[in-house]
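Some notes on the structure that comes next.
Naming follows writing order (A, B, C, D and E), and every chain is counted from residue 1.
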Amino acid sequence: MEKRPRSFYVLATFFALFLLFLYGPTITIAILSFQGPQGGLTFPMRGTSFHWFGELFEQQAVGDIWGSFSRSLVLGLMVMTTTVVVSVMGGSAFRKKFPGSSVIFYLIITSLVIPSILVSLGVGLIFSQSGLPVHWSTSGFGAQLTWTLPFGLLIMFAVFNRFDKSYEEAARDQGASAWQTVRHVVLPIIAPMLIGVALFGFTLSYDEFARTLLTAGSYNTLPLEIYGMTTNVTTPVIFALGTLTTAFSFGVIAVFLLIVLLMKKRQTRHGSDAGQGLV
Amino acid sequence: AQNIKDVTLRQFGTGVSNLNEVAQKVKEDLGFNLEMTALDSDAVTQRAATQPDSFDIADIEYWICKKVWPTGNLQPMDTSKIKNYDKIVGIFKSGKLTPESDIAQGTAPHTVGFVDGPDSKSFATEETGWMTLIPTIYNADTLGIRPDLIGRPIESWTELLNPEFKGKASILDISSIGIMDAAMVCEAMGEVQYGDKGNMTREEIDKTMAIFTEAKKNGQFRAFWKTFDESVNLMASGEVIIQSMWSPAITAVKSRGIPCVYQPLKEGYRSWGGGIGLSKSLSGLELEAAYEYINWYLDGWVGGFLMRQGYYSAVPETSKNFMSENEWGYWFEGKEATGDITSPFGDVLAKAGDTRDGGAFLERMGAVACWNAVMDENQYMVRKWNEFIAA
Amino acid sequence: MTDLTVSNDTDRKEETRLQPGVSAKVRKPVSDAVSGWLMSLPMAGVLVFFLVLPIIMIVVVSFWGATEFSIYPAFVFDNYEFLLTSPVTYSVFLNTVKYALITWALTLGIGFTIAYFLAFHVRSLTWQIVLFLLCTIPFWTSNIIRMISWIPFLGRNGIANSALISLGVVDEPLDWLLFSDFSVILAFVHLYTLFMVVPIFNTMMRIDRSLIEAAYDAGASGFQTLTNVVLPLTKPGIMIGSIFVITLVMGDFITVRFMSGSQKANVGRLISNDIALLQYPSAAATAVILLITVLIVIATLLRFVDIRKEL
Amino acid sequence: MAKSLDLELAAVTKKYGTTVAVEAISHRFQAGSYSCLLGPSGCGKSSTLRMIAGHEVVSEGDILLGASNVTDLPPARRGTAMMFQSYALFPHLSVIDNVAFSQKMKGVDKSSRLKKARELLELVDMAAFAARLPEQLSGGQQQRVALARALITEPSVLLLDEPLSALDPFLRIKMRLELKRLQRELDISFIHVTHSQDEALALADDIIVMNNGRIEQAGSPRDVFESPATEFVARFIGGHNILESRGAPFALRTDRLQVAKTGAESGDSLAATVRDVEYLGATVNLALETGAGSDLTAALPDGLFFQDPIEIGSTVFLSWKPEDAHHLAG
Amino acid sequence: MAKSLDLELAAVTKKYGTTVAVEAISHRFQAGSYSCLLGPSGCGKSSTLRMIAGHEVVSEGDILLGASNVTDLPPARRGTAMMFQSYALFPHLSVIDNVAFSQKMKGVDKSSRLKKARELLELVDMAAFAARLPEQLSGGQQQRVALARALITEPSVLLLDEPLSALDPFLRIKMRLELKRLQRELDISFIHVTHSQDEALALADDIIVMNNGRIEQAGSPRDVFESPATEFVARFIGGHNILESRGAPFALRTDRLQVAKTGAESGDSLAATVRDVEYLGATVNLALETGAGSDLTAALPDGLFFQDPIEIGSTVFLSWKPEDAHHLAG
């Protein structure tokens, strides 16, 4: 390995400090989730235990963590799927010139910059004024899409800006129909990027508060539920939930790393002699 | 034919009384499903006022009623169908705890408790047989303090603005409630004389907010809180040592082994009351189930459950059946505990020999100076409150 | 390659010029418009229903009247009149702008540095992705939970103060760590720096590495390369990140409320307070003004960069 | 393979907005011939090829393949196949799946399509690499796979857009021989876009020299090289000097310019200064400047040059045989 | 301009992880000479150049410029300047600011640095474009600006990594003449990486042929072309056939192979089948297959060939003069 310049170490330290800063709350949460049974949400610690992890799977005094979690999960998946599909379609549409595309583009920008609470208020008003029932899977879903779609579309712009059109032409040349081209060529090639869009969509939805606030209807999503739970004493159970979420995320990343490593291994095993000069 | 056991009722309210244990017990005792959604107090008002289809049962406070009732989203209840109607304490019917007590200032529950008929949108001045909310839970609020960190007796609401506690005081940021606390303080300081704290004039509002704004600018407050939990954390972490607080929040702090007192003050309490209302759209079997639920609610189990957390039940008599003598004595009669007092969730809240802060029911509820209120100048007050927050 | 230019002026001119009386041999691709429309239909649908209609609704309602409990159609300017004549409005907008500017400056400084590190010092793509993912993990825990945890982190007895005291940096716990402008901005920086990192990183990755070498070759120091080459070339990413951060901060209400202990206000809080009190018309009027402000800021930023080209 | 057919362009025009990329060109590509479209960057070669392939809408004019008008047919239904400049191999598919792609799209069952694909891979000598991903292949190998993929559709006309430009010079020469061999064996038409004169000369039965969206000259390599029709063609095809005689331009091959160290400026003899000497192995190029300010090049066999080397800066005398001067139009 | 100095590589090695890209190469580049590093893709040319430039850390060995060891100096302090393959002009700076960049970095005041930059632009004939942005220039123009930018640092050695590969063939020939002229005028060393034999032959005073991270042969173009040291060099430099005589390989220039339609296989005459005929303008290449299975090429002047054309598939007889056979090592 080559020697690194000093700036590397300075920047790496900065990055480490930034990570520490990002993880400040996470670490606090992690520590406090091991409070003893008498402990609360703040320091000092009153003993240490796994009590609150156990409690997490029991019924809480107030609120329904797993019910709202499953709603958030379902909603997150709905938003994720829709974001991927609609963004891919939208992104593809924008590769062509069509009248009105600039209107849609500016709407997307507006959607990106409009304060969340406005969407929440507006969607809530539309539904209530037109007598439609608000529900997390209808109004809540739509309100969240106004947040995830701009991101999805912007990422798709980036993806398609880098996408070599000749792949599609080659497919058409090979007799693939428009749909076959998408199905067998475009989608597989951009698939890794779509994972990014999907992750983005899910994360933004899973943690969305303001846009769901006035649009969720009878049943709360997880952020709303936790907020609702704070109207009574909340316990380190919510910290245990945070710790589990974080552990789970680390797991996902570890799996991702493992897959990458395995794929690299497999590639070397396949024995590439690409670029070995004279044919 | 439809079976009442298939009915599901959706109830929302703040976490204070939207307890899962209640729903569980309903399922056991009555057989139908109760789905509880806990919301913060802002969301509760919004939900009740703007999303009538999103709930069957609204668990709200009386002062909110003033905003929600005129929307027509709730239907009044026929008191003849309420088994224990007669046993409901007087506060919710005539406004008088005992026949001789004065009616406190503010939006007293009985003033918004009745309407003339099933379709009426304006409140009646006396009992009519049509109730807006069935009272379920209420209490007398005061300041909470950390005796260990203050180290001297606290007797008056004025202490909230005492510079001694600079940077360690807090009040709550729910304007309708906060303004009442503020008024208690200003009145106690002798700075403002109110005609009716529950229905201030613009001038009174201005004066009150001026005093508090001044204090805020001087760094009196560490923070304002909006949810129950925040008040608990502020107090438990020692960020704040004196603040307006709710009884069970004190209990929660204490249950962590941190000394905390719900300090009775000489000027009296600021009180609040909650009840459950029925959605306009409720009918048929579901309406029947709702009545069954209300009757069950007043039947004592919930009352006991709530009383053991430090609230009061609207029908104390029935609750007594679900409390031990020790508990009844401690919580209701203000007697010394004869053994450990535990919360319904198993935390030990008091030991033998302890007495409840503020004493017996009659002593506490008898010393209510005002109720949480929605005043005529509410919009003006709200704007001033916003200015206070932004100052 | 894909050219996302939205303007179709030339196309349209072409059409009108060629249409009348030209031989049947003239061919014009018509299907682009049709398929473009079809494919963007779902997106357009969502936007119309969940963005355009709500905005129209808000604008309309901002002229309505309100009682204590309901709103009624009217055409009154009361809401705006009150808003625009209240000194609170101005101080709150000012405060909002203050938060936005300070947060912007900090996220830009930090975000640029982080992006620079990831783009220029981390060599493999895998590591770049891993480090980036590492940055995102905290965001998979509900923000509400994280907000709650700031108190034990920054409070008088929190981790930060304990650490500072045990390190001997301070004797007394620092009060201003929590419930202050400091903590509000800290939380903003915490929440939104990544929104700055991503677009800047993206732009940096597209800088041809030989430009950096060319700068070194010309005798530029690391710092000179940074200011004379990297920074100017990263401008588009900075613009996009700035748009994200500024709009997010200007529209936020929950962070300000939690982190200031409800002691500070920004426009978002004004709106949410109004909403909480069912003063929808007043909330809507404030929202309209906020939206206009944000759009003006963004439009100004967009003048400097064509973000479609820069993605 | 399919029967080869004539391909005819009839006044084909391509406009992008207001830019005219290809201007009413007409040409008949003979069945079974190897044609090269040659021209400088931006002259419309790719646009022409892509219109033939069906990847670009024809603005005006018609394209006929055999007896049928294919102008408006989709790419896969016109009997053409295209090999892309950077090959456009599907990066997510293995070599054999790339080749079998069109069969899969047609719904051919797996075993038959793999069998067919394997045959094609054998044709291009790539069967051993069937399981690799494109990124694991060298440029030359990728090119062969692209060829196999194009040929599996049994086209009458194979279209190639700068197929050799991504290869290094060594490979380029090798692969161009293979292309030519394959075309001869399959007996179908190849239309090959290039901006390299060598490539066009070496490969083509027919060279179509384009400039500014128009065809400047079309003919056999010898026609084009020995009788360039215009100054542009003479310059572009290389190996020519442009001179002028009584106002009329004429072309003179660089290897037909005779260089003498002594002589006199008179009639067909011209004095010139040697500005540069480029050694190119078998030949040596002299860059010459005549008094008239025009730059000429003389290509001498290396043997001849080194017998009596000429120094840079020296003056030489040029002459040529009258029959080597080739008159140009315009 | 700076005084030109000898540049010496002493057993320089470059390793990337476990790959050895350059393996202990030693070479002395003469002051004021034009050297070309020539070799196939991946042979280590760029790595070598980049180590000289200081953009790549030397794994082992030393680099000496004149008397000083520059192995560990930063790029700007070694007296070299680099011209990048795709020019690497700063897209946000105007042409003149690009050229003045290094002066700005040194803190030279604005008017002096612009004056200096303008001089350099005049040198490369680009003064008229001073205010343009790089994207508003053609490839050839960009190249000149890049040249000016590299030269303004007054390097002793100018390093060029495939400077012509982004240009079309027409421009490429033009620009290579300019590079050569400039080098001669400035009298500094140019080290130029290419994988084109023509380019190397035409430009270099010294050709360094690399293969697999090693130098196969270094010498003047004529040395390399006329006496390739190894089979690899003979193949790579082009224009050679490799034959074998009693187990020992020898090289024979393709233009020295004599082709006769009639004859007998005997001694130095070899029967071969014509597999292909490549017309290249002034020459015609015959691709030949001998019985022994080896492939040969014969380059005939076009005049000669067309006097009596040879058909593909016909049998011909090959012969050569013994003095044209050049024996190869290994």
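Heads up, the rule we're going with is that a contact is a pair of C-beta atoms (placed from the backbone, for glycine too) under 8 Å apart; a residue touches a chain by one contact, two chains touch by 3 or more.
From a predicted model like this one, the values you see are computed outputs, not experimental measurements.
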Min route length, chain touch network, subunit B to subunit E, equals 2
Please indicate which chain is farthest from subunit D, where distance is taken between mean Cα coordinates of the chains.
B
State the chain with the largest centre-to-centre distance from subunit E, centres being mean CA positions.
B
Could you let me know which interface, B-C or C-E, is made of more C-beta pairs in contact?
B-C
On C-alpha atoms only, rotate subunit D onto subunit E and read off the angle in steps of 5 degrees.
180
In angstrom, rounded to a whole number, how far apart do the mean CA points of subunit A and subunit E lie?
52
Geometric centre distance via CA averages, subunit E-subunit D, whole Å:
24
Residues of subunit D that touch two or more other chains: which are they?
170
When you check subunit B against every other chain, which residues touch at least two of them?
43, 46, 50, 229, 233, 237
Sites on subunit C at which at least two other chains make contact:
11, 148, 151-152, 155, 157-158, 272, 275
Taking the touch rule as given, give the residues of subunit D at its contact with subunit E in the complex, in rising order.
40-41, 168-170, 173, 177, 180-181, 195-198, 201-203, 221-222, 225, 236-239, 253-255, 275-276, 278-282, 285, 287, 299, 301, 306
Give the list of subunit B residues in touch with subunit C in this complex.
42-43, 45-46, 49-50, 66-71, 167, 170, 173, 175, 216, 221-226, 229, 233-234, 237-239, 374, 378-379, 382-383, 385-387, 389-390
Residues of subunit C touching subunit B in their complex?
67-70, 82, 86, 88, 91-92, 95, 148, 151-152, 155-158, 175, 178-179, 257, 260-265, 269-270, 272-273, 275-279
Which of the residues in subunit B come into contact with subunit A in the complex?
10, 12, 14-16, 18-21, 24, 35-41, 43, 46, 50-51, 53-55, 227-230, 232-233, 236-237, 248-249, 252, 255-257, 345
Can you list the residues on subunit A that touch subunit D in the complex?
164, 166-167, 169-177, 180, 184-185, 188-189, 191, 267, 270, 272-279
